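One chain, chain A, links the two complexes that follow: it is found with chain B in the first and with chain C in the second.
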Partner chain A sequence: MYDNRLAYLYTMPAVLVMALFIVYPFIYNVVISFSNMNLSHFRNWDYVGFKNYLLVIFSDDFWYYLFKTILWTVLNLVAHVGIGVFLALLLHEDIKGKTFFRTLLILPWAVPQYITALTWRGMFNSEYGSINLLLGHFFGIQVPWLSTEWGAFTACLITNIWLGFPFMMIIALGGLQSIPANLYEAADIDGASRFQKFRNITLPLLKPVMVPAITLGVIWTFNNFNVIWLVSNGGEPSDKTHILVSWVYEAGLNYFRMGYAAAFSMIIFIILLMFSWRFIRHTRATESVY
Partner chain B sequence: MKRNFYRIFSYIILSLFSLFAIYPVLNVFSISLRPGDKLLTKSLAIIPENWTFDSYINLFVKEPFLLWLMNSLIVSIAVTIFAVALASTAGYAFSRYKFRGRDSAMIGLIATQMFPVTMLLLPLFVMLIKIGAYDSYLGLIIAYSATALPFVIWQMKGYYDTIPFSLEEAAYIDGAGQVFTFYKIILPLALPALAITALFSFMTAWSEYLVAAVLLQDQTLYTLPIGLKSFTSNMDVAWGLYSAGAIVVSLPVVVLFIALSRWLISGLTLGSVKG
Partner chain C sequence: MVWTSLKPVEQEVLDSLLQSFSAGYPQYEFRQLFYPNEEARINFIISTLAGKGPDLIHGASDNVGPFTDLNLIQPLESHLDSLFLAGFLQKPFPANTWLKGHLYQIADRIGNHLCLVYNKDIIKEPPETMNELIELAKTLQGKTSGGKTIRYMLAWNYTEPYFAVPFIGGYGGWIVDDQLNPTLNTPATVKAARLIYDLAHTYGVTPRECDYEIANALFKDGLSVMIINGPWSWGTYLANGMNIGIARIPMIDETHLWPTPVVSPLGYSVNANLSGKKLEIVLELLKYLTSAGAQLAYTRVSGSIPSQKEAHRSPLVTDSELLRHAIDQMSIGKPMPVVTKMRWMWDAMRPGFQGVFSGELTPEEAAAFMQKKAVSLIEENL
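Now for the complex of A and B:
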């Protein structure tokens, strides 16, 4: 009863576009990663085997930026999930003005990412940016945000926390709404405390909803080019403020070390693939309904 | 007593985070209203002294903002139409049919989400230099559609999965063909998911900076993100212009996003993160 020809017809346009603009560049990237392509060997490149991969793995840059990327991802996710779930719990209660608060709180998600990044860069300006003005006004301190290594990192972090928590909040809110109310009623009869209800009902039932969202969040944050690049204006000060993906961009498209950058991209991809392999295998995306 | 305490605590926390969420927006708005000679001020007032719409007027009259707007609209609308057409059909096939290569294709779609942006950008860049095909919208439109597609196909498939197959069976018994059933019965039911797909693909194109910055060199082809970024290279004089532009560019998508957020929530929880 399944007309397979129709299935191919339905998928073909999408598959063609993706083959041309995802699969083909991907294969080409693999080819470049085994070559010595750079500015002086742009057209007359040769295969150099695994040289680029070894170059990446034995460079200090790689381990330094890997450390920063992991730190960046962990701090962001802790903040996103922590703030998101916390606010979702508050919004799930029976309070007045729920829609009003929810609308304000998803605002950061709705603003285009590059505008968020450029705007926060302006706000972190050490002399006229509103953050230092506020800090000076209330606490009498000035922070050299964008001119120091960890100041710039923190600035990127705050920006990304701002734009990322609404996603987790909305997912958690959806999860909370799907928990049957009678579970809480039963717990009330048993005299469970607020904390016990949270620990034994809310948390376990929220987990299956949050795990896929967190996996996606890790992947997106690990590869978040825009915030790092635009807030730090391309890695300032002196190429210190990078995560792996922005460093690859710098190496490949600004310094034109194409072979090196292509191998670097592959390594990032492999890291993420290993991280999320369990998630991919267990996802229901590949299950058909019938 | 205890209940009241929780309630007040909730309101305080929600208000604080709402303030955190809205402050950058107020800040941009405030800068966009500043008169040209007061751009660099140490005042924290939201409505500046001698506020004026000069920045907005200059944006449209003196700067090529309208041109960028048109360029971005052309690209974004094309991407939206393209992505909705391709994802609505492909998602349906992935949801309803068993065919060779289906499972590996679905896994492939998820794997693309792990690509660092350079994975496709670098080869694309090298290819374009070699064939000399810089500066065209077509490349941009197809590149955006291709990057948006995996996610929206996945999310369309998730939504179709929630529509019971008995609907199709009933239609087939009444003698409807497969194509007719899809277009006349299933597709209208998938309207919320189509809205999300449209919004997501529109926003992908409307807000994309990096690919456009690499592919477009000709200033007359600039899209909004590259145009607005160009203001920030000398913040001293163009901070007001940037802020006015940021407000004009964000306003429609923010309104759209919030208006559709009800659908968005159900779409996301049903589609991509089906527990």
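Now for the complex of A and C:
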């Protein structure tokens, strides 16, 4: 340890910042998850054991929002990865205006998320929104996007797909560019079809790049508070358009049910920890393929 | 530092008031910071619990319940002389807010209640009853006025319970009993929810999807003849050159009762962390900001109803047709309870009402849901 004191000194600022902004709040969150801290007992709270955890597990809200969160995450990830890889494959080809299209397709990612979310909310407005105006003009229909449970969910989904595909596209494009060209040449000599090359060369060699990106994507989407909150105006209608994290925010900072919200967030943490661990182990993403 | 949720035109008034007050205290800086209502409340709780927060917070009186439960604001009765306090209105509702024997908020305006606002360029007289409103809609909707086709007779933010509860009163019920316990699962709530649903889905008088922004835009664009909105909005309509009139929300034909908007004063509370010299100056500022002159400065730009007797007698109030009708609407309103449990009440009502309008709940199911949720939230949090 003495020999490495300089290394410890260098890491000390990062350790201190981590301790202050991550470790301490995390421990505090664990503590209040066992308390009755709320608007009526903010300073004079008591320990209530596992009451909050039981309240979360046995409430319909938790299972409903968990279902919505899983659905939200899966649909988003499928769309993000599908659209992202598809566009990356297109951009990897020798096409005219490649740089222009690449810049254009990154734009949704470059615009701040809350601006995009509020812009889409405006576009989904039933009276003035451009989407309904176009739907009305071309198909004679008007969709109540934001006043129905699944309309609002779909609106959030479309917004987040718009926001999320550029990230996967960039990652996939980087992965494609790192695949040695001689593998495709060898496949051509063997007479492999386009699909066979995609399945046997492109996909396996994209995997080490895409799996960590998908893992990150799952965690980000699972915890994507901004889009859900801003597009659905805080979970409207009837608190039906929540995912787990937006409900925790509502419970904690709108209803001030701090103990309950802390327990809820611990359960979310455990779900994500288990998922990430199993996913990375199962896909062996950290192993080298070359 | 003063935190407010005032509209831009009123923020300008507050700026000039702070500037003129600061002339007497050149060594201090007086500033305001705007937050929307909900954020002001949340941020005040968080920052004041941490020992900071603004010196004064301006808002509706229902903040007083949670703020006092958390000891975030301080009692004022010992700091303010009786002569000053006697200058505030007591009728039809007390302007200043007392709770558990202590004074916690000094009002700079009263009312803050919903009224029917109508476009006088389209109709000269507003409908008196809901049936009249529905009949009038048949003749007006689809017609052109001022180059625009009238799409709706009425638009308002009916998915927000604050905007829906007047109709519960119109059917003879109310949201709480005398002990301030929730009374939501009643025929009055069911009928109110059904009426609002029917106005949109059966009669097509109001939009099927309507939040505050949509309603406001429809009314300002001349696409809706009327809106249900509060005094905070009138200044914007007038600034836009609209020819507006104020009236009571139309009577319910079945009961012959008028809908009862929630009435609450708006005013200033003092941060509990303040003491010493700073507290003295803040109290002086509080008196200045709630003086008759300051109140009338707001009345001039936004049509707010003053809480000081002296300002209330001003020609600016008595000669104003808008304010006369607004005060008339206020006289049949219901005072906003200032207890913390109201917080859970609103939170319970919101998903219930929205469930009716999105077609997921019948009015009966919604009323039962709201009551159950309100009771459970109150029990859980007390």
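Throughout what follows, the second predicted complex is superposed on the first by the 274 of 290 C-alpha atoms of A that agree within 3 Å, B and C clash if a C-alpha of one lies under 4 Å from a C-alpha of the other, contacts with A are read in each partner's own complex, and residues count from 1 in each chain.
In this section, contacts are C-beta pairs under 8 Å (C-beta built on N, C-alpha and C of every residue); 3 or more make two chains touch, one makes a residue touch a chain.
All of these numbers come straight from a predicted model, not from anything done at the bench.
Peer 1: Regarding the shared-chain residue A:G164, is it in contact with chain B (first), chain C (second), both, or neither?
Peer 2: neither
Peer 1: So in the superposed three-chain picture, is A:S147 touching just chain B, just chain C, both, or none of them (first/second/both/neither)?
Peer 2: second
Peer 1: Thinking of the overlay built on chain A, is A:L39 touched by chain B (first), by chain C (second), by both, or by neither?
Peer 2: Once the two structures are laid over each other on A, A:L39 reaches chain C alone.
Peer 1: State whether chain B or chain C is in contact with more residues of chain A in the superposed arrangement.
Peer 2: Partner with more touched residues of chain A: B.
Peer 1: Touch check for A:L253: first (chain B), second (chain C), both, or neither?
Peer 2: both
Peer 1: Which partner does A:G217 contact after superposing on A: first (chain B), second (chain C), both, neither?
Peer 2: The answer is neither, since A:G217 touches no partner chain.
Peer 1: Who does A:G84 touch here: chain B (first), chain C (second), both, or neither?
Peer 2: It touches nothing on chain B or chain C.
Peer 1: Does chain B (first) or chain C (second) touch A:N125, or do both, or does neither?
Peer 2: After superposition on chain A, A:N125 lies in contact with both partners, chain B and chain C.
Peer 1: Could you give the residue numbers on chain A that contact chain B in one complex and chain C in the other?
Peer 2: 42-43, 125, 127-128, 253
Peer 1: How about chain C: which of its residues touch chain A in the complex?
Peer 2: So the residues of chain C in touch with chain A come to 38, 42, 45, 49, 66, 69-71, 159, 207-209, 211, 213-214, 217-218, 340, 343-344, 347, 350-352, 354-355, 357-361, 377, 380-382.
Peer 1: With touch defined as at the start, can you tell me which chain A residues reach chain B in the complex?
Peer 2: Residues in contact with chain B: 2-4, 6-8, 10-11, 13-15, 17-18, 20-22, 24-26, 28-29, 32, 37, 42-43, 83, 86-87, 90-91, 93, 95, 101, 103-116, 118-123, 125, 127-128, 130, 133-134, 137, 162, 166, 170-171, 173-175, 178, 208-209, 212-213, 216, 219, 223, 225-226, 229-230, 244-245, 248-249, 252-253, 258, 261-262, 264-266, 268-269, 272-273, 276, 280, 283-286, 288-290.
Peer 1: For chain B, which residues count as touching chain A in their complex?
Peer 2: By the definition above, chain B touches chain A via 6-7, 10-11, 13-14, 17-18, 20-22, 24-25, 27-28, 31, 40-42, 44, 82, 85-87, 89-90, 92-100, 102-103, 105-107, 109-127, 129-130, 142-143, 145-147, 149-150, 153-154, 157-158, 161, 165, 178-179, 203, 206-207, 209-210, 214, 225, 228-229, 232, 235, 239, 242-243, 246, 249-250, 253-254, 257-258, 261, 264-266, 268-269, 272-275.
Peer 1: Quick one: in the complex, what on chain A touches chain C?
Peer 2: Against chain C, the touching part of chain A is residues 38-40, 42-43, 125-128, 144-149, 233, 236-240, 253-257, 260.
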